[in-house]
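Below is a structure I'd like to ask you about.
In order of appearance the chains are A, B, C and D, and numbering begins at 1 in each one.
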Amino acid sequence: MTERPAHADSLPPNERRPLAARVGAGVWGRPIVPVVVIGVAVVLPLVVKSGFTLGIFTDSLVYVVLALSYDLSVGRVGALSLAHPAFFGTGAYAAAIVFERYALPLALQVLIAVGAAVVLAFLIGIPAFRLAHLTFGMATLGFALIAELIAQNEIGLTNGPLCIAGLSSLSSRPLGSLGIDQNGQQYYIFLVIAVAVAAFVWVLVRSRIGRAYIAIREDEPMAMSVGINPKRYRMSAFVIGAALAGLLGAFYAHYLSVVCPTNLDISYTVNLLVILFLGGTGGFWGIIAAAFVFTAIPEELQVAPNIRLIAYGAALLLGVTLLPQGFEGAAKNVRRRLTRRARARRA
Amino acid sequence: MNLFVSEIVNGLVLASFFALLAGGLALIFGVVGIVNFAHGDFVMIAGYFFYEFYVYMHLPYLVAIVLTMLATAAFGGAIYWLALRHLIARAWYAQLLATLGLSILFENIAQEIWSPNARSVATPSTLQTAMRIGTVNVTVQDLYVVIGTIICLLSLWLVIAKTRWGKAMRAVSQNREACIVTGINVKLVALLAFTISTALCGLAAALVLPLQDVYPTVGLAFTTQAFVVVILGGMGSMRGAVVAAVIIGLVDALAAGYISSAYTDAFGYAVMILILLVHPAGLFGDPSQRRGWVAL
Amino acid sequence: MLEVKGVTKSFAGVHALEDVELTVKAGQFVSIIGPNGSGKTTLFNCISGFLRPDNGTITFEGRPIAGRQPFQIAHLGLVRTFQSVRLFGQLTALENLAVAVQQHQGDSTLGRFFRTRTIRRHEAEAVAHAEELLERVNLEQHRSTPAAELSYGQRKLLSIAAALMARPKLVLLDEPTAAVNPTAILSIRDILRELHQEGQTILLVEHNMQFVMDLSEHVVVLDAGQKIAEGSPREVREDKRVLEAYLGT
Amino acid sequence: MEPDAVLTVSDLHAGYGDLDILHGIDLTVRHGVTTVIGPNGAGKSTLLKAIFGMANTTKGTVYLSGTDLLRLSNRRLLAAGVSFVPQGRCNFPRMSVQENLEMGAFTLPQRQAREAVSSIYDRFELLSAKREQLAGELSGGQQQVLEMAMSLVTSPRLLLIDEPSLGLAPMTLKMVLDEVKSISEQGVTVLMVEQNARQALERSDWGVVLELGRKALEGTGPDLLNDARLADLYLGGAALSETAVGDE
């Protein structure tokens, strides 16, 4: 028996918490940040004329959605799955296959893509969640690898390494009539998806479901003792994240107009882990910022891919070693230290 | 029958490679207490070392093998002291991410130094001689791999079982606090274990290189294979790692021979997942280990 | 209300509990005491579902609960606290209470997400109840403070409030005074007394004898996994075997 | 400093991280067995850990006949003649008794280590019969004896033992405490923390009672056992200090 209570320092109460953190207050909290961010994102294509640069921002939006959906499992319930690209790729393949064979409309393709990702998430999750920590991660990695091998080898279904090509690209007639070109239209479509998914995640994590997620991540026994079934909630975060990735995959297939086995590749996982852990797992704005920083900046600077990866690797190694809580956590620490110092000065 | 026996031989060669990889990984996990996701990259780098010594400098085969082991061990020890030892008290997922970063770093630095192209090593023709054992062709190389592995693992076992520092390694893996009060230098023991583990990577690379090309991104595949084996054997158990290496090696080889070579890796994973569902802690793991999820 | 019969639990061959009997009647305040390693916490863990007893039965309001999952037991109205404060540090005091009410209403998952009118009403009620409890434990001015920033004693109080959020029929309190400063102990004592006077059934595990003797109607003494005495606080205090259990024989 | 003092602790403040547990302990340990008792959370284990450099010491001194212990690394402490048997299992369960003792002698030169281990076998016949058995397969009491033996391999002058009776059956407990007593009779000064106050104090030359990080009482074993205040401290009668909850 240790004689040490877990934590005994007492800080003065912090009354200046954002409204959104209070139960019963509006879900949206201070609207200023999202309004500014969305505003900037909307006017961006009017400023940025280069199709290349706009494409980079579109890619960043894709990573925003992937990272936020992946974080539901990694950051919110603490299940370090390594299978997220499998859901994304499955969504893309599902949409591509039903488009190619039955020419279904986009809405149906998206539904089917989400359905396929959800089914796969249950297939992976049911056995994998019987395991824990690293074994869970390795089991999900195994499933992800099997999914990629299927995409590579089941040529009758996926064309294998030759990819499914010739998908109609995304466009929007109303935007076209406003004189926005193809690149701009695609950008706006992904902007709408990203805003919708971000809003969904924001509401979800502030609902009672989100509070249950935090509860089981922070303290599973305590969560159980107040009546929360950890298995069910952990699975739900995993499956919801998969559904969002599948949805994104369907649109992404049309954005690239081609789907290849590399869409399921583990290299996505590596990028996403960099974004999540340096942006701060279980966060929101930190992840969004990191998705942009780690996607747009290296692309825009046209850094050679392996130099960029050297930087990623170093960032991950040093970041995890030196900043245990990511950017957001580091920023919070700095803020806390500053307020404490200010308070001390006042006193 | 012929196919079966020759696949068993392939399986044993594969198993030897896995045993060296996974044995080292288990040693790091058990003694140092780090989940090392850059393990396969040490093999990749060792592959290039071997290439430099053997192909570029034309050193004799055995000399090149020994030099590769020494160089990899020195390199591993240095990396451990500079970077990895700071991760000891951290959670497993933080270790996984940091070493994943290290792996990306190695991979791309290797690309800068040695180019992304695959390199292969032509072994001395004497090694490629095929011998007929019964009805099956076995190359001298195959025998070298299996026998070299067995000798290496046996001597490692002797070191761990009989020597003072070997015993200290076991002691550290069993009870860190007790080590502190008995005055065992835990930091030095961990460094030693890491160095031995990377020496095994060096041997694995030098033995197997003629059978497998080396290229900068090959490390991640080695790492995941090593993890499959170590998790199946039970984290931190050297014995488990060796047994699991034989299982996975044979399964991979037989599946490649009889079912489909395209899905070889998938069978290893499938076996791991199936066995884990029955033994969640692996074959020789400690089932009392607490369940844990990422908590930041 | 709670009946524990013949409960036995051993770890690696060592009997942590041997044939323990315990009854808690509705409205009663019962305490379990005993020296270190006497099996108090093990008994608690068996009752709250964190351990499965090797033998024996545990019934709560006539329903057998031994071996059920902790969250299922919580649903039946039997809620516990922990010896080391377990709270969700990132969440505010009020949110910690809100999490605690999670599962006790039959809301649909979709409803929870879209915050239908019923949900909003339930949440409003829950918030009102939480405010009330915060006031009870004198934390109303800390409603928006993250739990990690509260003092240890305040967090203990908050965790008791969290257990009460679900309006449990029986609360199990695991050492509420451990590592708490003397003033906070007094306020915990007053709060528990008040709760009990209002009819709350309470089962307490505690080291602080003063606290136990002050509050309980009935005391059960465990030593080396066995019940060695029980009765009113006075009877127990005068029991020779109890003193021996503490000072050794 | 008193002439017969082996260990002198003065005004020791220690804890973990930001948390202070000991609030100024003064203590003189003389030859024989000194037992520290006290309710949970009193800081008993922290006291031993602080002496062995395993807690965060913020103030105070610890002298072992003139040597300041607080500045020493654990290996230096062993060389200075201090050994520590922490609470809970402190052996290597999947190593043999022989190997465990060798690990206890890790800081000694090889030859000296061999001699030390064989003299331990002469001292503990129980262990001598079980050289090749795995430590994890011994009974709880035997493991406790093994752990004490491991810490005696370095021939310490001062032995710190934290709750040797933890989790032991009553009969084994007596055996272990008798062993502690006989260790002290062979010239090793023992500072022991023990829950089982009566059993421990009966075998002690001096007893110290801690409460909430301060020294509450001290005296010879029998004196303390007959002190009414001790029972109150454990069973909460009249308040021993201002910290207890007031009676109705």
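FYI, a residue touches a chain if its C-beta (ideal position, glycine included) is under 8 Å from a C-beta of that chain, and two chains touch if they have at least 3 such contacts.
All of these numbers come straight from a predicted model, not from anything done at the bench.
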If you tally C-beta contacts across C-D and across A-B, the winner is A-B
Of all the other chains, whose mean CA position lies farthest from subunit D? A
Per the C-alpha means, the centres of subunit B and subunit C lie apart by a whole-Å value of 49
Using mean CA coordinates as chain centres, what's the subunit C-subunit D distance in Å? 34
Per the centroid of Cα atoms for each chain, what is the distance between subunit A and subunit B, given in Å? 33
Using the average of all C-alpha atoms in each chain as its centre, how far is it in Å between subunit A and subunit D? 53
Subunit B: positions in contact with at least two other chains: none
On subunit D, where are the residues touching two or more other chains? 40-41
Interface hub residues of subunit A, defined as touching at least two other chains: 1, 5, 8, 218
What part of subunit C is in contact with subunit D in the complex they form? 14, 35-37, 178-179, 182, 185-186, 189, 207-214, 224, 237, 242-244, 246-249
Subunit A partner, complex, touching residues on subunit C are 36, 48-50, 69-71, 74-75, 79-82, 84-92, 94-95, 98-104, 107, 109, 112-113, 115, 119, 123-124, 127, 130, 141-146, 148-152, 154-155, 162-163, 165-166, 178-179
Inside the complex, what are the residues of subunit A that reach subunit C? 1, 5-8, 10-15, 17, 21-24, 27, 203-204, 207-209, 211-212, 214-215, 218-219, 221-230, 236
Where on subunit B does subunit A make contact in their complex? 35, 83, 86-87, 90, 92-94, 96-109, 111-112, 220, 224, 227-228, 231, 235, 260, 262-263, 265-266, 269-270, 272-273, 276-277, 280, 282, 291-296
Which residues of subunit D touch subunit B once you look at their complex with the stated criterion? 52, 54, 74-75, 78, 83-86, 89-95, 99, 102-104, 106-107, 110, 150-151, 154
